[in-house]
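Each of the two complexes below includes chain A, the first together with chain B, the second together with chain C.
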Partner chain A sequence: MVIDYFEPTTVSETVSLLAKYGDDASVIAGGQSLLVMMRQRLVSPKYLISLKKVGELNGVQEDASGNLSIGAATTHRDAFTSPVLRRGVPLLCQAASKVGSTAIRNLGTIGGNICHNELGADPPQALLALNAKAVCVGATGERTIPLEKFFTGYFETAMNPGEVLKMIEIPSPPPGTVGVYLKHALRAGDLAIVGVAVLLGLETPSKKCREIRIGLGGVASVPLRAYKAEQLLQGSVIGADVVNEAAYVAMSEVDPVSDTHGSADYRRKMVGVFLKRAIRQAADAASKPGSDV
Partner chain B sequence: MKRPIHLKINAQELEVVVEAGDLLLDVLREKLFLTGARRGCDTSHCGACTVIMGGKLVHSCLVLALSAVGQEISTIEGLETDGKLHPLQEAFIRYGAFQCGYCTPGMILAGKALLDESPRPTEEEIKRSLDGNLCRCTGYQKIIQAILAVAEGKV
Partner chain C sequence: MTRVISKPVARIDGDEKVSGKARFTADVASAGMLWGLTLRSPLPHAKILHIDVSRATSLVGVKAVLTGLDLPDMRIGRQIRDLPILAREKVRFVGEKVAAVAAEEKDVAEEALSLIEVDYDELPAVFDPLSAMEDSAPIIHENPSAYEGAPQLTQKINNVVSLTTKAKGDAEIGLTESDRVFEHTFKTPFVHQAYMEPHACACAIDAAGKIHIWASNKSPFLLRAQVAAALGVSADDVIVHLMPVGGDFGGKGSPMDAPLCYHLAKASGHAVKMVMSYTEELMAGNPRHASVITLRTGVKKNGDLQAMQIKCLFDSGAYAAFKPIPDVNLAAARTAGGIAYRMPAIQIDSYCIYTNNVPCGHMRGPGYPQIAFAIESQMDIVARALGIDPIEFRMRNLVNEGDEPPLGGRWEGIKAKETLSRAAEASGWKTLKKRPYVGRGVAVIQKSPGMSATGANIVIDSSGHVTLRMGVPEQGSGSHTILRQIIAEELGILLELVSIETGATDAIPDSGWGSGASSVSHSMGQAAVKAAKEVRAQLLAEAAELFGVEERLVSLENGDFLIRGVAEQKRIPFQKLVSRLVAARGRSYDVTVVYDMSAGMKGEFSFSGVTSFCAQVAEVEVDAETGRIAVTKITTAHDVGTILNPMTHQGQIEGGLIQGIGFAVMEDLCAETGRALTLNLGDYRIPTARDIPRLKTHLVQNPSGPVPYHGKAIGEISIVPVAAAIGNAIYDATGVRLFTLPFTAEKVYWGLKGRLQPG
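Then we have the complex of A and B:
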């Protein structure tokens, strides 16, 4: 049963409250995942620390080089409607627009999504493909965790108890790269059976791949980069053969589980199908004259 | 920990006593007797609990009552003015867009939130805005038609 509810206005106040109440407390941002877990009795915090008035967790900043900082409490909707993000990292916007359903995107936050780290979430693989970093604050200060090290297991992250995610930093993507996010799910509101994020840069007209990053979600115990598939594609001329080969390699890099939405075998196959589709779409978009990110 | 709070619902300031963990849905239904919002699934998928908060569609089963303080909340009960139905309500009747009526408040509010922001949506945009509202009876066709009819000024 929840005994008390707080609305701190600074990160520092939030961290103090977390230190004071320890394991009995939970932060709550949009609450779109936490409140479900509480109703299912998976977690039972006695103290809820709302983040909605912590100004430092909101806002999107872009520096002179195009590097981005996204406040952890940025809602999915604010993310995909942000002109700065739509221009700089449309891949993340595509992923954010696929989370849950309309009402969930209105309140749910990007930070909450990655901290919750549920299998089949959408933003994590897009952020991995964007080489994002998580900035966390705890009693001992601030630290930055590259996203490849952030996701440590089902519903687990590298954050320590008492820490709060403050912002997500994304380095400016290389110019001319194109992002495609594909989500395989049966219904709106579902988590992804397979989520594929591709960031691709092509030399034209040769179609030689000069930048490739592949983020995959829903297909292993954590969202991951398909590094071997990337290595295969890097420097190659993008064509059907190399894309097929890369798809096979990616299929060997994942470790899906079977559940009611699909068997492990099916998920593995879908990695191949959706990765090929995403690369083709990205390659098409990247080949258009005057194409931009 | 009981706290008296003020909630702004359908343009009225209402005082209610809540516990820290109370959901907006339960406060609406059990303390304010605004039973248009329903507890349909308990897993946040069905949208029968949908209300409009701060101009945005939200699932009231996923909002703490305490975090709704200071926000303008619209429920289905607030749509009619002086006994006159809102065009969306008229349209739902005219187009036969409900059978059991359980999902209907949520559907109408989803339509309202969309039209308030985007008065001329396409059919695709309407479908997408209903993505968090499930209906087991109608097959959605007439719901979409009703919302489209209002958007096109036919109602």
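Then we have the complex of A and C:
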């Protein structure tokens, strides 16, 4: 049973409350993950610390070099409607727009989504492909965790007890790269059976792949980068053979499970299908000059 | 020419429900009312060795803790009484109630549950009906035929609780005389009704010892009888207060927690309320029966159907208590799921089999969607094997006026072919160009409404206000709106002068089985007509007397009494004259009638032989690389009588279609291992607004039904053919035939890869 509810206004106040109440406390932003977990009795925090009034956790910043920082409490809707993000990291906007339903996107936050780390979430693989970093604050100070080290297992992250996610940093993507996010779900609004994020840049005029990053979700205990498939594509001219081979390699990089959304075998096959589609779409878009999709 | 009948009159309960003012059972509250919660079994089959409730009992705020041993050794059920109120010697499914707590706060009740310790000794369990029938299968009930209300079986098969056989001709001979015989087996999963309001009830015992029940229940008089039987008291000692039902779809006809709620109230000395969580609903509600259906069908080379053998294995789950009809089977067994073809010989054997799964109950058209999925899928297979267009094949075999129905009896006003033709034309069956991975499929069925004796009471007070008092709760179909239209129509007055009142079972006429089997507009509708005609006759007679004229010179038109035969013809507003009449007679008008359909099967209210047909064409587009199915359009054609309210009528058609789409492509409690894996409405998928395709309805006029003004039933029929139509469309699009619902992307994908998933 929840005994008390706090509404701190700063990150340091939040961290103090977390230090005070330890394991009995949980932060709550949009509540779209935590409240479900509480309802199912998977967690039963006694103290809820709302992040709603912590101003530092809101908003999107862009520096002179195009590096971005996104407040952890930015909602999915605010993310995909943000002009700055649409210009800088449209890949993330595509993923955020595919989260759940309108109601969930209006309340749920990007930070909450990655901290919850549920199988089949959408933003994590896009953020992985964008080389994002998580900035966490705890009693001992601030630390930055690259996203590929952030996700550690089902519903688990590298954050320590007492830490709160402050923001997500995204280095400016290489110019001319194109992002494509594709999601396969059984029903509108469901978690992804497979979510594929591709960031791709081509050399001109050779059309060789100069930048390729692939984030995959729903297909292993954690969202992951398909490094081997990336290696294969790096420096190649994007054609049917190399794309097929990359898809084949990516299928070997994942380790899916079977659940009510789909079998492990099917998930693995779908990695191949959707990776091919995403690469083709991204390559088509990148070949058209001046089109940042 | 009717005035308010056939008009799209807005729902009488619309404003209240949309604004949140409507009070449902969970809103029932009184000072000192306690929360009741149950502890459920985590095991599918186990002996209960010991239950320790001492820590729960001593928790502050806990007013009662009960286990099976605290209750009389009685079982409950709608027909067969095989379900203990709380488990006694053993549990038979995951979610079975083992203990119950009543406490001042819900949180305290929850904590108390966590303090109850149960020692189990797990037993071997069985989760599919085929295995359950084997000689070596674990026995779930030692002696089911000994239960009160049990059907008596001529042959004993392990775990079979009910076997219903219907036959016409000799199907075995028919098959041997056929040119070709096709055999296929189809499977359907457990699906939940997914009403918005979970089961809820409250119980209070008054100073006189009367037991008051409030419940989300569609059959208040059956509930009264069931609760009385469960408690061993007289029905007069139980008063059921009618509540609006927040969605039913067939699932709200059982006592569910009401008997337990009484025992908690009795043990605690307080009123108690119990509201199931949705997790409890999905784990231990009373979902649609899972099924395994095997068909053997014989045809002549020319496409004439010769014979069919249907073997239905319905997974009853651990108890059969939720099945209401006397044979403890599903009504669809008696009509072979609404098969609408001329059949020289046919036999259906419908088994209900105990397993250690969730006990199943009724859902919109009980048994119909399962059997229709099997038959109408196989009709497509047969047609294609014979090289005949699926619609031509059906047209060739559908019943004509004068034909004997497939399972015998008599139908009149048959519009089977007209209905199918309309669906075919409207969907452009012949004209649409075929694109790769786009397909169309068809299915056609018939369904007639059920019947029960129903009472109605009309009161007209001195202000001229008319109240229909009756015992069918509004469960979301719009029935109260239609009844109001009927009364206004019959009395020739404005809708605004008519209200509908439900009240409690000690003060309203018996409504039989309440809402169910697409029968309310028929049964309660005819009762309302009968009551209105009677009160109208009284009004006219007394008005004639008042003015000293012959009765034939008095009429009621457009809200006024018309009195002719006096010096000057008088037109007197309804309310004004009623006030005078009530004053003259010294009391309100108060008329109670009973409409008994089985008694009224001749003459004006002819019921026998009237059925309805429904033909549907589904269109799908399949993503060949992923198997993902997009249902892009459904055309549904119905033969209909007079439509009492086009808005609620259309709501029933589209609601059934959407529920049918869910059954076809996504719904599955995934409970084959005794544990539902989908314990919230995120995991248990029903269609959302974004999953609904274009729905086109076409009506074939056929005013010949049993509903007042020659209307027909519409509540259940549209859900029945959907799955087969979609499955046939998937085949048309891909060449993949799926025999197991739901049609997930993954099943289509493996089908396209030539590797069908097992099962």
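Please note the rule applied: the second predicted complex is superposed on the first by the 290 of 293 C-alpha atoms of A that agree within 3 Å, B and C clash if a C-alpha of one lies under 4 Å from a C-alpha of the other, contacts with A are read in each partner's own complex, and residues count from 1 in each chain.
One rule holds in what follows: contacts are C-beta pairs under 8 Å (C-beta built on N, C-alpha and C of every residue); 3 or more make two chains touch, one makes a residue touch a chain.
Bear in mind that the values here come from a model prediction, so they are computed numbers and not experimental data.
When the two complexes are overlaid on their common chain A, residue A:Ala264 makes contact with neither chain B nor chain C.
Of the two partner chains placed by the overlay, only chain C lies in contact with A:Val273; chain B stays clear of it. Counting residues of chain A touched by each partner, chain B versus chain C, the larger count belongs to B. By the touch criterion defined above, A:Gly31 lies against chain B but remains apart from chain C after alignment on the C-alpha atoms of chain A.
In the superposition on chain A, A:Tyr5 makes contact with chain B only, not with chain C.
Applying the stated contact rule after C-alpha superposition, one finds that A:Leu48 touches chain B and leaves chain C untouched.
When both complexes are overlaid on chain A, the residue A:Asn106 reaches chain B alone and has no touch with chain C.
Of the two partner chains, both chain B and chain C are touched by A:Gly189. In the three-chain superposition model, chain A touches both chain B and chain C at residues 1, 36, 39-40, 101, 188-189. Residues of chain C touching chain A in their complex: 107, 279, 625-626, 628, 666, 668, 670, 677-680, 682-683, 685, 687-688, 690-691, 744-746, 749-750. Every residue of chain A that touches chain B in the complex is listed here, in rising order: 1-5, 28, 31-32, 35-36, 38-40, 48, 50, 52, 77, 100-104, 106-107, 188-189. Those residues of chain B that touch chain A in the complex are listed here as 1, 19-21, 23, 42-45, 47, 50, 56-59, 61-64, 66-67, 110, 113, 128-132.
On chain A, the positions that touch chain C within their shared complex are 1, 36, 39-40, 101, 184, 186-190, 259-260, 262-263, 266, 269-270, 273-274.
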